[in-house]
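The same subunit A turns up in both complexes below, where it pairs with subunit B and then with subunit C.
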Partner chain A sequence: MIRRALLIVALLVGLLVPFLGRDYYATLMLPFFGYGIALLGLNLLFGYTGLLSFGHALFVALGAYVAAFFTTRLGILHLELILFASILTALVVAVPTGLLCVRYVKIYFGMLTLAFGMLFYSFLYKFYHLTGGDEGMRVLRPKLLGQSFESLDKVPFLIGPYYYYSLALLLVAAFVMWRIVRSPFGLCLRSIRENPDKAEYLGVSVRRYRFLAFLIAGLFGAVGGTLLTIPTGLADPLLAYWTHSGNLVFMMLLGGFANFLGPLLGAFVFIFLQDQVMSLTEYWRFVFGAILAIVVIFFPRGLMGLFEGQAGGRG
Partner chain B sequence: MSQPLLEAQGVRALYGDYVALDGVSLAVDEGQFVSIVGPNGAGKTTLVNVLTGLLRPSTGTVRFKGENIAGIGPVKLAALGMARSFQLVNIFPALTVAETIAVAVVSQHGRGFSWWTTLARDRQVTERVAEVADLFGFATKLGLPARTLSQGDKKLLDVASAFALMPHIIVLDEPTSGVSTRDKNTIMETLVGAAKRIGIKAIIQVEHDMDIVFSYSDRIVALHQGRILADSTPEGIRENEQVVATVIGKTHRP
Partner chain C sequence: MFHAATLFLVAAGLQLVFGVQKIVNLACGSFYALGAYFGISLVTWALQAGLPPPLFLPVLLVAGLLLAAIGPLVERLLRLIYDRDESFQMLLTFALVLMFEDVIRRLWGTSPYQLGQIYLVYGQLRVAGLTIPVYNLIVIAAGLAIAVLMGWLLARTRFGRIVRASAENRAMSEALGVDMSRLYTRVFTLGTALGTVGGALVVPATAASIEIAVELIVEAFAVVVIGGLGSMRGAFVGALIVGIMRAVAIATYPEVEMLAIYLVVVAVLVLRPAGLFAKAAA
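On to the complex of A and B.
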């Protein structure tokens, strides 16, 4: 009950933020929507299936570059088409990488995903003619449901129509993921996280499930990446860099991967905390390192763990 | 009956130069409760691994319902109708009792890849889960995480989830190891009762506790140094001096 009430409050706040008159905070919400979707995917892989990816940023960057490529190179501005293309591209990339990665578990899986992420980073960095190299690629303002909102300036567009578009997409993504984790498929994923050997003897073809989880995570990552890059207007190679994957893992741990909503909370806190700490000190990475250490040592269940107390079991 | 349910013929299994099984032949028919006994290193676990298609024998064949199952692996084995439980407690620590059993039911019904239906609303699955849980006395413990169960219940849950596959044959590796003597009989009674109700056609177990072996099996296979020393009814085994000396030991002479 408390959780449902909190959720409704959060949703209401989410709906009202653009009316608070503090445009800055509304713009800070935009990366939250993108990261939220990407983290739902990452958490399916880690929190539910037990595979920790250090290369999730690959898919985020993929989604960003698809948006850049479509808007600047192809002149296609319909965001729905771009999102669809992001999903397809993510699948095309996730199938071969997933087939290789899910042959391994634990640190080997992590290292392999890290390697693929860095491979993609190098590709973005080196293939200048295709990707713009270190300068990245511009992302133009897309059309939302066919509307271009030409009368609006950049900020009113972003905290107006685009804000609600992103929020709606996050809600849809969360609903889809909620269905997935409550489904028989989701149960099989959790059984694999808990004990893959036993799962196999109960007829669960572990590798196939891990592969599917990898695909789903990848396409959520790409959708998140597309949303993320529109406010900044730029897709640059650092999106694929390993530290970006690290940030995603940080957000997930901060919020608590054992909980469905944990990673969303983590993304929210990370973004607002980063904003605050960065304005206080240039050593914000130091502060964040300390926070990560404290979370891992004292709050292994993340911020969500504080709400649940001792009683909450792992979903 | 035209063919045995499970049949191994002339099985030899090698680990490098070491001969773990040396020409073992064994046929298990419907309705049998077979115990495999023998001292440490006799090849019991290797035999179980061969019989369950985990280990491909160096020579010889293993057939289950007439199908060659050498090295087919656990997933196909479950689909064919053979389940296995393990010597060490083997559970999904964070999953509840109901969820643990549901994993088997979901996979047995081929629902594992349905990702849009809500598990809790799948009547067919929840009803079967409740049925199996009932047989094992878990009716009031459905919502408990497996890790919070007692040692005996954990072993029972492991077996219950294997039973939920509705297998034709089940292979149990020391179903009562690590639990108190008092609990051992409870586990065995529950297990045998559930097997009858579910319609499991044959049970094979590896067991060290000779009291359990003699009370519940109707056939005992004694292994020694990779060969079958004796294969007989409990009475036959009791009368076999050689087996009593090498396998059972004097303290257990009934």
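On to the complex of A and C.
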């Protein structure tokens, strides 16, 4: 009950943020929506299936570059089309990589995903004529539902129509993910995390389910990446770098991976904390490293774990 | 070849720690960076104190070894979560990467550091139209020497036997009376020392910059994967392969340099996940 009430309050606050007159904070919410969607996918892999990906940034970057490619090269500005293309591209990439990755578990899975991420990074970095190399590619303002909102400047556009578009997309994504983890499919994934051998005996095709989870995670990552890159207006290869994957895992862990909403909370706290700490000191990485170390050592269940005590949080 | 020697040192540290403790230590790139910066500082200071330039090599070694003292400290931290999943241990080392990066930024600033021309003190060699500083050859020789030394240490000494036994079967060697926590501290410190000494040795011929920590770790990681996790011989061969591939790629198709390396990594992981030399020797 309390959880539901808190959720509704959070949603209302989310709806009202653009009216608070603090445009800056409203713009900070935009990366939260993008990361939130990407992390929902990552959490399906780690929190529910037990596979830690160190290459999730690959899909985020993929979504970002699809947006860049569509808006600047093809001149297609409809965001719906771009998102659809992101999903398709993510599938095209995730099928072969997924087939290879899910053959391994634990640290080997992490390493193979990391290798694929770096492969993509070096591709983005080196193929200058296609991807803009280290300068990246510009992302133009897209049309939302066919509307271009040309009368609005950049900031009013971002914290106006685009804000609600992203929020709505996050809600849809969260709802879809909620249905996924609550379905028999989600239950199978969890059984795989707890005990793959037992799951296999019970007739769960472990590898196929892991593969499907990988696909869904990649798809969410790409959608998140597309959303992320529109406010910044730039897709650059660092989005695919392994430290970015590390940050994604960091956010997930900070919020608590054992919980459905944990990653969202993690993304939120990470973004706002980063903003605050960066304004206080240039050594924000040190502070964040220390926070991550403390979370890993003392609070492996993240912030959500703190709220719920030891009993709750089965996901 | 020069690059291969560097990679070998870092990768060997990674291998040693993974082989025995099953921890993927992302921070070993940071150890390398710290070694590089600290080496520069110590040498600069020693030269100002009146050290004759040709003696800078031992100073670098000392710098690397002194810095290995952070090994036991980091190991203490990691010990808190030995009973947890490997992923968490890897994440903790990722936290260390972030922290060390800012430690370097705080102590040495963001601009790259160089030791100037001092590495030319030992002269240059002219081979078939190429000019090679003798120092680079020294580093390659040092890499080889350390490789031989590690091989000897692991294969011939009592310590090496205990290390290999524990890598093989931890519970059994503990039951036979091996003090695991002491062994882990030693192994981890040795792994750290390989990184810091590597950084200190290589820096005169290159430069120390903030990014080397995160760049080197992925390369070392490529080496480790190609060679096979946990195998010392694998680290050696893997470093050679990556080093040579890089040299060839730079000479022929510079665009595909890193791409080629990761393609090989992926291919190896897919075809022979245990690596090309999957005899867990260490």
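The definition used in the following text is that the second predicted complex is superposed on the first by the 314 of 315 C-alpha atoms of A that agree within 3 Å, B and C clash if a C-alpha of one lies under 4 Å from a C-alpha of the other, contacts with A are read in each partner's own complex, and residues count from 1 in each chain.
Going forward, contacts are C-beta pairs under 8 Å (C-beta built on N, C-alpha and C of every residue); 3 or more make two chains touch, one makes a residue touch a chain.
Remember, predicted model here, so these are calculated numbers, not experimental data.
In the superposed pair of complexes, A:296 makes contact with subunit C only, with no contact to subunit B.
Between subunit B and subunit C, C touches the greater number of residues of subunit A.
Contact with subunit C, but none with subunit B, is seen for A:246 once the two complexes are overlaid on the shared chain.
Of the two partner chains, neither subunit B nor subunit C is touched by A:266.
Look at A:285: by the touch rule set out above, it reaches subunit C but stays clear of subunit B. With both structures placed on the common chain, the touch criterion links A:110 to subunit C but leaves subunit B unconnected. In the superposition on chain A, A:231 makes contact with neither subunit B nor subunit C. By the touch criterion given at the top, residues 46, 52, 54, 100, 103-104, 106-108, 110-112, 114-116, 118-119, 122-123, 125-128, 241-243, 246, 249-250, 253, 282-286, 288-290, 292-293, 296-297, 300 of subunit A touch subunit C in their complex. Chain contact summary for the complex, subunit B toward subunit A: residues 73-75, 77-79, 83-86, 90-96, 99-100, 102-104, 106-108, 111-120, 122, 125, 145, 158, 161-162, 164-165.
Across the complex, subunit B is touched by residues 179-180, 182-188, 190-191, 194-195, 197-206, 209, 212, 313-314 of subunit A.
Subunit C contributes residues 22, 24, 77, 80-81, 84-88, 90-92, 94-103, 105-106, 214, 218, 221-222, 225, 255-259, 262-263, 265-266, 269-270, 273 to its touches with subunit A in the complex.
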